[in-house]
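Both complexes below contain subunit A, partnered by subunit B and then by subunit C.
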Partner chain A sequence: MEQIIANGLYLGAQYALIALGLTLIFSLMNVLNFAHGQMYVFGGFVTYTVVVQLGLPFIVGLFASAVVLAVMGAAIEKFLFAPVVRRSKRDESTMLLAAGVAFFLDAVILLFFGEKQRGVPKIVNGVFNWDMRIIMPYDRILIGVLAILLIVVFIAFMNYSKTGRAMRALAQDKMAAQLMGVNVARYSMIGFALGAMLAGLVGGLLVTITGVNLGMGGPTSIKAFLMIMIGGAGVISGAIAGGFILGMMESVGLTVLSAYGDITYLVIFASLMVFLAVRPQGLMGKPWG
Partner chain B sequence: MHKRTFLKVSALAAATMLSLPLMAHAQNATLKIGFVGVTSGPAAAWGISNQRSMEARAAWLNELGGVTIGDKTYNIEIVPFDDQKDPKRAIAGMEKMAQDGVHYVVGPNVDDGAAAVRPVAEQNGIMYFPYAFPKELYTPPASNAILGMVANYQSGPAIYKYLMENKGVKKVAFVAANESDPLSQRESGIAAAQALGLEVVSGNVTYQVDTTDFTPVLLPVIQASPDLLVLSGVSPANAPQLIRSARELGYTGLISTETAQDATVLQEGAGELAEGFISVGGASTPELASDAMNEFVERYTKMFGEYNDESNTKVYALEYIIETLKANPAAIDNVDEYKKTMDTFEAANPFMKGDAKLKYVGTTSFGQKRQVSVPLVVNEYKGGKFETLFVGQVD
Partner chain C sequence: MNTKKLLGFAVFLLAVFVLVPLFIGATGRVDFFYTLTSVALLSVGAAGVWLTFYIGRINIGQGAYALVGGYVSAILVTQAGVPFWLTLPLAGLFCAAISVVIGLPILRLRGVYFAMVTLVLTEVARLSALALPVTNGAKGITSIPLPGELSLFGLTIIPAFGSLSNPRIGFYMMAVVLMVVTYLVLWRIVNSRLGHLCRSLQQNEELSASIGVNTAYLRVLAYAISSFFGGIAGAMFASIAQSIYPSSFVVADSVNFMLYCFLGGLGYVFGPMLGTLLLYFGWDLLSIAKQYQLLIYSGVMILLMLVLPNGVLSLLDKKEGRA
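Let's look at the complex of A and B:
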């Protein structure tokens, strides 16, 4: 049981961090960023390039991922999403654009980083073993702690910084925020950059554990959407809750249901369908949006 | 002669001299060889190594002046199609090949794609070389598919037997991705292990291909204490993670797979934890690779920046097509002629040292020769590269 909880917490921390960026972009711009998974993959490849190809320390790789993805996110928002949001009243325009960006990034990743699975060597060696009750490699513990730390920093930033408060105001009521002098275009761009940066950071963190490959983007986006549907789309605390709930469900399912074959995700999806039928806005979302 | 006229004439002469080889090159007819396989998504490495092997070899042959088949010389043109590992796309790809007049296609890479394209290939006179294992593709009445590698039900028993006799393996566990190829490979692996008298201590644990933490997946498997952990049909993307998780959970036994892997990917993803990992390879281990194979690796690396060890196996299909067409030029647009030639075909294997031959095999497994004869090279990962554990032959 201890092992299941430890696995669930580790998975939950990384999932929550993935979901945070997605929900931030959705809350600010009402954009379902289908390219979020590809941004995560891109971040992993940037860290890989800096650490393995250039031989620089891991922390430099992580920093590079954050910067590259933040710049990429800002550029994508400024030159692609902002004009479309301005000119089109239809939600599907941004959805199609996001899907297009996802395909484009897939092609860019293939071109620059190739088709192979890539990985960064373990940053910490050794395995924590508590009397065979909890077995957890130290690098996984470190990444889990870093993920939780980043979540805490992100929450603090959103609550206590001027930029964070402006973005929260935008998410709550765009018109009112605008009337209070919040620069919508600027903070939308900062929000998108921040969301992309979070995706890049988690990609950089996880490349040391799971590695990264061209095909991980789509499935990662699907999992991220799953998490924000559980927690409530556009709600920061909902994304964190959704991440931890999905992580725990996966950990419990893979252990308890393993004897019945691979039915864990079948059970998770079936549970989600029932849950959404009862509470379509998710755990912490508002029924009106 | 005026100086200006002299310069003009000289320039024209130089241009003519320089363009002569190109003109000869351009005068060649074109032989289109298709590729329908997965070059995007999680399994992209499988198809991309296929396509790049074909392109690297075709470029090399074209540079040498083309390929002479009968009384005509051809430049090889590779016509690729990404089926995205989707059977519907694979059908569309094979239909495109038919429309383009292509009679020889390499791929698809997976079971369902290979099964889906069968009617299109048979109706349009296309021979195709899948990297998929279902026996019904290769046994009569099917006759247009030729297995492009060694199947797991051929390599698995050989590996298990070797490990029983040399490493004292008695208990075995199987783990597979929840997809058709790995699951069918797991089933045939379990059957082979049981036939050899091995005890299967775990055979029903599966995982999603997008799993990011394999610890919970492998926990019940490791608790069953197998001597050998078989990663059935594992993709190069998942192999390092599975190995790493198994070792971190304290597993000290052997780990093997019947799919081809890449040493760099294992090195980066699992490092020292991958030591001793057993997989099926091709013909480019230093002990086996010929000079031609080494040159192929060099050319591939120059063209695409980095070599992929999976191409050790994938290099063969195009060679078989070209050499068989050379043996019977009438087959160039008539696959029935190709089929007739297959029974007796034999040519020198350029990629292996010694007197290795290219020939069609498969009579034992399929009742007819519908498999390319590639060496069954079983590798062990050691110190960042593969070392040959043993070499076998399939019929």
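Let's look at the complex of A and C:
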């Protein structure tokens, strides 16, 4: 039982970090970023390139993937999303653009990094063993703690910095924020860059444990969508809650339901549909987001 | 105006039924038959997605209904021995029935929430196909017999596909007929009272409800029609491929259905047809670019979106505006 909870917490911390980036982008621009999973994979590959091929320390790789993804996110927002949002008749048109970006990133990853599974050697060796009740490798613990630390930093940034306040104001009411002198174009760009950066950071963290490959992007996006649906789209606390809930459900489901075959995700999806029928806006979301 | 429309329609029919087969016959690219059959069937599914866009919902779940439709037809043909032509409407009706049950709760959602739930629906369909005993799991259902002959009062309307010398042309004709009928139906719906009501839903659901439009009924109806199209398309696909697997229609297919609608233009009935043709056929043609295929494809898609954010058919708008 302790083992299941520990696994759930570890998974949840990563998931929450992925969902945070997605929900940030959604709350600022009303864009459902289909390319989020691909950004995550890209971040993983950047870390892999820096650590394994250039032989630099892991922390440099993590930093590099954060910077690369932040720049990429800012560019994508400024040159692709902002013009389309301005000129399109319907908000949803950005979905085609987001899907196009997702395909494009897939293509770039395929050309630059190939289709092979890539991983980074363990950064810490050894296994934590508490009386055979919880068994967990140290590197997983380290990554879990780092993820939680990043979440804390992110919340603090959103709550106490000027940029964070501006972005929260934008998410609440675009028009009012603009009237109060918030530079919408600039903070939308920063927000997108920040969201992409978070995806890159998670990719960089997880490449040490699970590795990354080309095919991971799409499924990761779907999982991130699930999390922000559970918690409520566009709400930061909701994304964190959604991440931990999904991590827990996966961990418990894989243990409890393993006797019935591979139906964990079927059960999760089905219960999510029932949950959303009762509470369409998720746990903490605004109605009609 | 009306004669102009009829003329355009006649030209279109001539093109798809006579010119395209002639062209393929002349160039010898017989594989285009298969590609164009896929385009026709995918555009039937996309027509359904377009209808849900028309009531203001983003539908990324058409793959689920295509999969269900394919399985219903395949199971009925292989296990119950029902003739294929009967299973085609049955598959559509089955999908429509499911979509009513699923749609009643989820159509209360809007915007991205609805989009994400329908996306999850595709995964649910795939996982169910893997888990249910009747679908034969990951092995899928294979060697489905080709459609037999369809006759009415002893008169053969469609000959058995197995007896045809070139079943590819048969499938192409069948798919195109299906596409033409679907779009006629869609066009009729849009230009009817129902279409006007749907438009009011797209613009402001509360407002139309306050005037006395039965919004709950309308959106379930539109969703059911949409799923009917999805089911038919899936059933046809299964019979052409003579097999169906849980991975026949996945999330990527659902997303593609939505992209076809976006690219063609959400404000135009024939938008999804054009979008399907451009995207699917373009992808096929780009296969000569080998490893750069995806790069060029997605690059063009992004460019199109930057230049024409309201769909390719919005080009027509500009012309009218200038004149």
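The rule we apply is simple: the second predicted complex is superposed on the first by the 287 of 289 C-alpha atoms of A that agree within 3 Å, B and C clash if a C-alpha of one lies under 4 Å from a C-alpha of the other, contacts with A are read in each partner's own complex, and residues count from 1 in each chain.
Just so it is clear, contacts are C-beta pairs under 8 Å (C-beta built on N, C-alpha and C of every residue); 3 or more make two chains touch, one makes a residue touch a chain.
Computed from a predicted structure; not experimentally measured.
Contacts of A:Phe26 after superposition: subunit C is touched, whereas subunit B is not reached. By the document's definition of touching, neither partner reaches A:Leu179: not subunit B, not subunit C. By the touch criterion defined above, A:Gln14 reaches subunit B but does not reach subunit C. By the touch criterion defined above, A:Asn129 lies against subunit B but remains apart from subunit C after alignment on the C-alpha atoms of chain A. Legend: residue contacts after superposition of the two complexes on their common chain; A:Met216 is shown touching subunit B, with no touch to subunit C. In the superposed model, A:Lys89 lies in contact with subunit C only, and not with subunit B. Of the two partner chains placed by the overlay, subunit B and subunit C both lie in contact with A:Asp106.
By the document's definition of touching, both partners, subunit B and subunit C, reach A:Tyr265.
In the superposition on chain A, A:Leu254 makes contact with subunit B only, not with subunit C.
Shared contact residues on subunit A (touching subunit B in one structure, subunit C in the other): 106, 110, 218, 261-262, 265. Remark: subunit B residues 39-45, 48-49, 178, 204-210, 212-213, 215-217, 219-220, 236-237, 240-241, 248-250, 262, 264-265, 268-271, 305-306, 308 touch subunit A in the complex. Within the complex, the subunit C residues that touch subunit A are 53, 58, 102, 105-106, 108-113, 115-117, 119-121, 123-124, 127-128, 130-131, 251-252, 255, 258-259, 262-263, 266-267, 291-292, 294-295, 297-299, 301-302, 305-306, 309-310. Of all the residues in subunit A, the ones that touch subunit B in their complex are 3-4, 7, 10-11, 14, 48, 52, 106, 110, 114-122, 127, 129, 135-137, 140, 206, 209-211, 213-216, 218-220, 223, 250-251, 254-255, 258-259, 261-262, 265. Against subunit C, the residues of subunit A that register as touching in their complex are 26, 30, 32, 34, 80, 83-84, 87-90, 92-93, 95-97, 99-104, 106-108, 110-111, 218, 222, 225-226, 228-229, 233, 261-263, 265-266, 269-270, 272-273, 276-277, 280-282, 288-289.
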